[in-house]
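Could you have a look at this structure, given as structure tokens, before my questions?
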């Protein structure tokens, strides 16, 4: 449905099994509000908005009232009730450090909103490998693993070597100097010496959570 | 088991559900032969070797005789019988062009060896979008899609927008000039405007086939 | 004509068929005012200023009064009346997403000021290919197409495969992480698998509109 | 029409006004021969093959006999008669140096095969600006200009400042050291201080000739 | 002379013929004041400070009073009287555009302070080549030429082709998108097709003025 | 010990000989306070925090009172008493310029806190090689040398050629234009023509001080 | 001592404690022979040559006879007897994979020639972390560790987290696609989340062995 | 004079003071012969050809006989007698290592052919700074210095700090790994902490010799 500044895809759910999700960056609050309403009029519920700044969520919160929930770590808003869990297994979200948590939360919450059971294991980077090895049981039980790490991004390789599940690696822009805003972690992950790793864009927690959800839902 | 030039991982199958696979590049025929024998002695069958040049496969073929099969497009050798199909659904492998086929064959054959049903749809790049749209039914029926493309790598985005399945994108080094040996396709795929795409290394057909197999096998 | 900080090219129209246009970035309001007056004294009307910030346009608006018009999306000012349409056909301006609209508006308005009929079709990115295919008629009727897209920039390839018209691709700096400020889209467009695509600088809507106008005006 | 290794687009001419053209790199002589025959069977004549090595053209020459013509500078083969000139005006192809000529010939011959009148002006780089200025009349009479240059790629900017026609710039991989295989020329052309320049991929003479032909043919 | 945060080189003039010059960026006003005083105590006059922000120059102006002069375009301060002209010939400083003037002024003023006669010719970029050709006489009379340009940086090549003098090229960070903060101009200048061009760092007007002065002073 | 946002490594001292150190960037004051307390409760003293902004240290200073010391140049805080010197020899910290001092102080203070005797020699860059040669005695007596430099980073090569000690090179982000935030210095140091140089990340004074301390402590 | 094509440094041992070593790449056999003889005449024994191709070593072997020894994996030649072990402790050399062994051998042999006890542990990459953990005792006993790895280069981080010794990381050019000839491993190692890691150039086994030897020899 | 594949600039000497010089790379022997003859017919003598391979010089040597001289290190040919020395002073050419000599010879011979006195000082890299300091007298007496170096390229900075003459820096592609074909040396030289350094393209000995000659010839 075309509203000038956006051509909202009302057929997406039928086509891809997942409803339209609004990417909040680069749109103002009024534009986002307009798209939410179109989706609601078309019967979509809940509606999810990602990369939503605190400033914009305050404006939207006033318009939608109680049905509007905001998760500040993940910068995600949900309008309507969260979906029941209908995924096959558990999605395990791991981070290398404390600073990777916002990206991990974007992934975890996306997966939860899309109907998945999620377990979080944070700050288990490879410089203290024993912290990671303590979680072997979680690794064994996961249907999909999301490995979120900045700096040298080695978490994905080590975890993939310990697991039977596919690993989705998310490089983060955490670091400085020759980390080049996440390029170092991105390259590490693409060159993983372990099999079973695929990669999404730097800081793209949403993409990882989405892909994990697709994997966790059989046809 | 340590044999000087290699520390063969005989526990991998127990740990990750998939037997040790030999990466043939950078090892000579004698070294590969040695590792095959260790794996066979430990009871692994079949044994799979990737990135195996024609020259090396000729030497190995003489040593292992009839049980040795070589797939020249994919540059993969198999020693022993192929596994029965035990995956949940079908893995669909698509390419943008004719030149992407060797990478696609590495992916497809890897998936087949690991026990998956595979369907190939080649040369359906986005410059002739109608060639791609004719395959909507294949797309609908796939449990996982592997999208292999060089140049601008747009295939992954378009397919992901048409599908309920996770898409694993494989950039290829096909192209010239500003394709920079596959970087252009790699960046395109990482920046896909469609959700549900994750990416493996340039020309890494094996990695895509491997992860697709993990996705296609429930716990 | 040399005025110290600028050597204004009063012969440009005779030489290239298009009057001198002022690039507003990196010049202060007083400098821009000075150049406008030289052009007006030399008989040029209208005078066009691009990349003009809101702050500078307020100062200039006071000096030139009613004959001064500002287009905030495109960040373009026009002093004098808009030229009659004298181009041969229609220029079609398309965007992949909502965030690409400011760049598209710079292109569209530039083309209009230079005497072209322009049609806008926005937010028709390739992740929902059916939104794009609905516009086949517009594509068929265009004399030139400007395809504006960030992220993976696949719009240009798909459109060129559907069209008889030359396509000018404009990569935008929309995106994050491995989009690298538009480099990803730029490389995609340069490596387009479709023929008939040429590319201008990242975010250079003006350049695309200008080139489209040259194409749309026979000698 | 799908023949396993290729899905030949027999509808292209109807859709885009230009018949299918075969990109010879990455395909072997037998594959090219197969595609030529499909196109001939579908009534396409002439058939054009680009990036065809000397070795492959010898094999093909034997199969198609007299109707096969090969242009070694441009590395293009034509099977059948060249089309009559039906373009509106003249396409001017210029190079900065002697080493840029093969790329320029690919552009010029492509344009000629697609029905355009072409004028060649070679080795007029900006280090001897007077060599270039002698050709003002050719510049004035062109409907489109293709500027082919390596090294610093300044030819496109200077020519665009002298011309009423759109300029399509082709960076070449000529140079050494910090020319980085054509990146230096590519960046120069994208950043041209002159308006009316758009750019194709490094060494992509075909793409420039193709787009110039689109511009030179009104609807 | 070591003062903890700096080891001031009081022998430089004897060794290199040019007195110590203070680079103002990254030092606070108190540190700069300390170094000025050491140089004055050692008998150096005048003392020159480059890259001095407006804020710091106000503080220093109060401390040194009348003998302190500040040149805001060039961001250079001079404490003491300017040296007599003792260079052999004239240094010609040219820019491609208006936005390149601050860098050009840093070059021009540096050369003047070091005892050279300087002529400025600004905004004569190659998109309007005739503006540049009008200055052939200035080019013929120069002992050294400094060519300052951003975007595609073609000025240096064209000027070197017209001149008997060595050309020092200064790329500037003027531009956007694929100019990458001056890299495009830098690469162009390094790859100049004209002989007789050497290059300094992006925006390094001081370095160009200094080098030009060395050339303009025989032993 | 897992506290949700961090999994504090209380075994590190036993395992690596050095207690856990808190990296202050990307953690807020409350999180840092929490981790300090866990370490103190586990008996660690002193506790060290790096990359601590002035704003955060003010908050922490109020909580920990007198035992909290802050070193603003190095941006390091120490809670508790400094360790006795127990290293074998002297660590020499050198800088190329004045602007490199903050990074050098991070290195020097880290080494002191870890029990090393440190000597500082600042602003002895290679453009005035005699300033450096005056310090041959310091160089001869050092057990390890840390060479901190931005711009062209040549200090490390020259010093390594004069010394019997291992040299740890720290590139800094000091510079502009083609220094690319320290990449130029980093590459220089990696390509040192002198043997005995290894390199840490850009601006990573802490890493250099830490490794120098490991070298300076025999088993 | 200057011999035209080389200025042989006969004072190096006095100055740096290590005799002059000949870098064999880019010098022909005759030049290398000349330099060996000067060093022997000056009393240096043994003489060491690195990066010596098989072809050149055959020529040299004939000239120097029995005293000439060649180590093909490391591409190092030694003329004269190997030095006695006089280093303090053991240098541990580890690799991630089989393909990294040539670089590791260059490091190990360099260290042995310079008088160090060396222990080799190869093919213990992080994808099978338990292979690495079996070597904790070797890690505990090392005075210095050299970690050699390509692809994602995670070995250095994991080992540094397990060790009290300084770790020198050597990225190798092993890998393909986005490993970019070792850049991926280099960046990983520079961004290591573990402290105590410094890095040498890609494939620079010699540099790592040399620095490890400096660390392993107290003053 | 236009001969199809080249537009030979017969006015260059009048315009720039230096006769046309033929760049041999990318032209075949017949083309070079053609251009030599045009220049000879126009009265130019001697004629100089750069970047001439051994294979091509053999063909040309046969055609021009005794008047043809070839300098294999510099890969330069001279047809006719060398010019008398008419430059003002001496040009000093220095290299960091033995492998840089071919580039240095291209610079030195170019300068000699253009009428300059040249002094060569080779293999005086900064890792043995005392080898360099022995040549202070040569440095003091030079009118221009050409500093040729690969790897970290520090020679230019150190020499500029010791000299009153302008320094032209030539980065070479000598090195491996992170030297990236000369980029490391190029960046070092552009970021030189010493004033009075300008830079030419990687391996561009000709360009350095040419500019040094311009500097060494007063108007």
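We call the chains A, B, C, D, E, F, G and H, going by the order they appear; numbering starts again at 1 in every chain.
In the analysis below, a residue touches a chain if its C-beta (ideal position, glycine included) is under 8 Å from a C-beta of that chain, and two chains touch if they have at least 3 such contacts.
Just so you know, these numbers come straight off a predicted model, no measurement behind them.
Visitor: Would you mind checking the shortest number of contact hops between chain E and chain G?
Guide: Counted as steps through touching chains, the separation is 2.
Visitor: Express in whole angstrom the distance between the two chain centres, defined as the mean CA positions of chain F and chain H.
Guide: 43
Visitor: So the centre of each chain is just the mean of its C-alpha atoms; given that, what is the distance between chain A and chain F in Å?
Guide: That pair's centroid distance is 36 Å.
Visitor: Which residue numbers or ranges of chain C touch two or more of the other chains?
Guide: Only 97, 128, 160-162, 177-179, 183, 186, 190-191, 195, 201-202 qualify.
Visitor: State which pairs of chains touch, listing all of them.
Guide: Pairs satisfying the touch definition: A-B, A-C, A-F, A-G, B-C, B-D, B-G, C-D, C-E, D-E, D-H, E-F, E-H, F-G, F-H, G-H.
Visitor: Using the touch definition from the top, list the residues of chain A that touch chain F in their complex.
Guide: Against chain F, chain A makes touches at 97-99, 101, 122-124, 128, 130-131, 174, 176-179.
Visitor: Would you pull the chain F residues touching chain H in the complex into a rising list?
Guide: Residues of chain F touching chain H: 96-97, 125-129, 133, 151-154, 157-158, 160-162, 175, 177-180, 183-185, 187-195.
Visitor: Would you mind writing out the residues of chain D in touch with chain B in their complex?
Guide: 2, 4-7, 9, 11-12, 25-27, 31, 171, 173, 181-183, 186, 201-204
Visitor: Residue numbers of chain B touching chain A in their complex, please.
Guide: Interface residues on chain B, with respect to chain A: 15-18, 21, 88-89, 143, 160-166, 168, 186, 190-191, 195-202, 206-208, 210-211, 214-215, 218-219.
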